[in-house]
C-alpha cells in the first residue's frame, strides 16, 4: 500500500471546490484552508488516492502531485513556463538522466524543477540569474519539491559568460537571447542543444537573424497550443477559453562549421 | 572536444537536401545515400557539430540525434505517437529517473524509447503487446538507440492483466482502453497516473464514461496542437500546412475511493 | 463629407477607456457615459472618423458601426453566434442579395441581423422561435439597426414545420437539429443549403447520423478558431487568451436522391 | 421544383470520386470527365439535388455551387484568398447590398466575386490591378459566375491613386500595403473600412507602424484557423492535416483626426 509518510510531498484537493494544496508533511505543521484545517500528522498512513477529512468534515483527495501540478502551484514572482512548453523543451533539448544542463534566468524555478527531475539524482542543473531575489523564490520552490541538491544556482549576469564547457544543452529564458549567443556557443559542446522561449515575433526575428552569424544551425521555431476539453460524458466539448499564446519556442544546434554560414539550408 | 566514436548513435544531415540519417557507428559498416556513401569508421574522431563528406564530396552535418529526431526517424509498422504529445505525456504522468512504468501496446516503440530515456538506467519500462511482430520492430528500434536493457517486453494480451503491482504510471495506446480499466487500476498504486491517446471523440466519450465507474478521478482531456514556423528572417511566418490532429490525450488518477463515485466533481 | 445626421446608426468610442456605444441619433436623446454625456443633436454634422467631446471634455471617436461591432454590442438574452462563425455561415449558405432564407431560433437576433444585411432590401429572412420574449429582444435589436422590415418573425415551434417552400438556405440554431430534419428538407428547395452550429461533439455525432437518413448529403463539419494579435509595433504577438470554442459548424445539402443513401461517399 | 435550365451555373459532383465540376449550361457544350461525358442539354429539366448520369453510367450529383465552392474551383494564376478569410473580411468591412467598394489587386478574382455577390446588383466593385493578364483571368471567372457587370476592372498601378472618393470600404491584397496608405485614405470616406491580408509577421509589423502615421485607427490583427472534421458517425474526429496559415488579416478605420496621433490607445 502506497501511503503518506513524514517528509512526503503531497497534494490535497478539496472535493468541495477542487482547490488544490501542495505541502511537504512535517510533524508540527497544519494546513489551513477555507474548508477547515488538517494536521499534517493526520495524513500519515493514509493511502494515496484516498479521501481524508478536514476538522470541518470536508473531503480532501490525497495525491502525490504530478510534475505538471507542481509547476502550476509554484510560488512565483515572474511569468513561468507552462507544462505544454516544458514537455516539448525537455524532448527537443534531449535532456536525460545523468547529464548536465544550463539555464538562465532561473526565474521562479518552474523549468529548473522540470530540468532537475529530468537529469535525475546523478545529473546537475546550472541555473544562472542576475537577481538574487528571484533565485531565493526558486530555491524555496526547489526545497519544497526536494530537488535543490540537483541545482547549482549562480547569481550572475550571463554577459560575463558561463563557467561550464562542453555542456550538452542550454536554455535561455531572457528577453534578449541574441545578446548572449557567443557565451552560449562557448558553453555548449559541439552539436549541443540550444533553446529559448520568446513572447513576440520581433524577438524571434532578431534571434534567428543572429543565430546563423554565431555558428548555430538546424534552427526550428514552433508554437504549442493546448486545448482543454470539458470531461462531461453527455456534452464532450472544448473549454470555452484557452491560453492563446505563451511564446514561440526556438531550438537550434551549436555547430563547428564556419564555412557553413554561406549555406542557406541550415 | 566532443567527437564521434565507435558505438555512438549519430545523425547525419545532408547539406544538399536536408535528408537525415540515424546510425550507430560500427567498424565494418557503410552508410549509402543518394549523395554518395560514408564509411562509418571515417566518422570516428570528427567533432559533433562539424561537417563530414561523402565519397562524392557532399557535405553532411554530424550530430547526436535529439530525442525528438529519434522518434521521427524510427522504423515503424504503426502510427507512432508524436513528440508534441510525448512531451506532455511524460510530464502529466510525472515519469522520473529510477521509476517503473507500464505501457501497452508497444507499437513501433516511439513512446517506449521516450519512457526508457525518462526512467533512466535505474528505471524499468514494462511494455505489453499482443503482437510479436510489432515488438520485434520495437526491439530493433530500442537496440539501435541502446535502450533495450531498460525495457521489459511482454508479448501478451492485456485482457489477462498486468503482472506488476503498485506501479506509479501506466499508458495505454490501444483503441479500446475502457475495456482494460480494471486491469489498469489493479496494476497502479494509489493515486497512480493513467494516460492514453485516442484519435476519435467517440472513444473519448466511451472512456470518460467508464473511468468514474472504475474508481478513476481528476480526469483531464487535452489536445496539443503544434505549429511550425518558417525560419526566414525577412519573412517570418507559420508553415503553410500542419498536422491538425493526432489524438485526444486523456489523463486520470487511480483512486481508492468507492464512495466518491457519487461525487460529480472529480 | 460623410457626416452624422438625425436617424443615423452610429458608434462612439471613448478615447479614455475604448468603451464603445451604439446609438441611433434622435433629436431629444442623450448618451450617458462614465466620461460624461453627449446630446445626440450635438453629433449632427460631425464627419465620421472625427472626434467629438462629452460635456466633461472626454474625446469620443465617431464611427459607423461595422457589422461585426453591431453583433458584439447587441442586447442579448442568449448565447449569440460570433462574427468568426457568421462570416463562414453566410458564405457556406451562399446567402445573396434578394433571396429568402429561414432561421430558427431567432435568439437575440445576431445571425438574424447578419442574414438581413446579406439578403439586402429586396430579400427576406423568415425567423422562427417558440419564445416570444426572445423575439422581442431580437425585434428591438433589429429596429435599432433599421433592419426589421427585412425580417418576418414567427413565434412558432418548428416541430409544426415551416410555412415556406423552395427556400435556398436554412440555418438552425437549436440544441436538437436532428429532430427537425424532415421539416427542414420540406422547406428547402432541391440542393438547398442547410447549416447549424452545435457546441458539443455528441450533438454533431447525433446530427450527422440523421442527415443521411433524411436525404441530406455533401455534409461538412468545420470549426473556426479566431486568434487576435496585439497591435504593438515593437512587440507583435498573439493576445494571451482566446475564445477556444463556440461550436462546430455543420453544413449539408438537401438532396432528392433516395437511392443515394446506400452510397457512403456523400 | 427547382430545376436546371439553359444559362444556369451548376456544379456536378461525381459520386465515384467526389470530383467536382463547375459549368454554365450552354446548348452546344459537353462536359468531359474521366468518368464519361455529359451533354449540357441533358441537364435541363433535372431537379437540383438529384442524380444525373454520364454516358458511361456514372452518377453525378447536380447542385447549384455554393459561394465557397465557387471560390475553391476558380481558375487561378495566383494565390487566392480562402473562404475562411473571405467570410470575416466581408463582415469586418461591413460590405452590404448597394454599396461601392474598392479592391486591389484583382488577382484571380476570388475576393472580387465575393465582394460582387455582397454588394448585390445595385452595388459596384472597383477592382485595380497593374497586370492585364491577371485581370483577364479574373474577368473570365467573373463572366463564368455571371457577375462581371458588378465589377469595374481598372488596369492601373495604385501608386497613382484611386479614382473614387468617399468609398465606404477598401481591401488591399498587395505585398506592400504600407506604401499606399495615403492613396487609400484619400479614397475612403471618414471612418471608412480598410482591410488587408498579409502572409508574414514582418509585413504586419511594417503596416501597423505606418497606419498610425496615416490617420488610421481602431486597428485589429486577427488570424482565422479553420479545422475540418471527418464526418464519420462512429469515428468523429478532425482531419489529419489542415491549412496552418494563409495570412494575418489587418483591419483599420480611416480617421479625420490628426490630433489623435499622439494618443496611443487607438
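In order of appearance the chains are A, B, C and D, and numbering begins at 1 in each one.
Methods note: a residue touches a chain if its C-beta (ideal position, glycine included) is under 8 Å from a C-beta of that chain, and two chains touch if they have at least 3 such contacts.
The shown structure was predicted, so the numbers you read here are calculated from the model rather than taken from an experiment.
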| item | value |
| --- | --- |
| Copies chain A and chain C touch via same or different residues, half shared test | same |
| Pair exhibiting more inter-chain C-beta contacts, A-B or A-D | A-B |
| Computed distance of Cα centres, chain D from chain A, in Å | 46 |
| Centre distance in Å when chain A and chain B are each reduced to the mean of their C-alpha atoms | 20 |
| Contacts with 2+ other chains: residues of chain C | 201-202, 205, 227-228, 236, 238 |
| Of all residues in chain D, those that touch chain C in their complex | 1-3, 13, 15-16, 18, 47-51, 59, 61-68, 83-84, 86-94, 96-98, 114, 117-122, 166, 168, 189-193, 201, 204-205, 208-209, 217-229, 231, 233, 236, 238, 248, 253-257, 259-260, 263, 265-266 |
| Chain A-touching residues of chain D, taken from the complex the two chains share | 201-202, 205 |
| In the complex with chain C, residue positions of chain A that touch it | 199-202, 227-228, 234-245 |
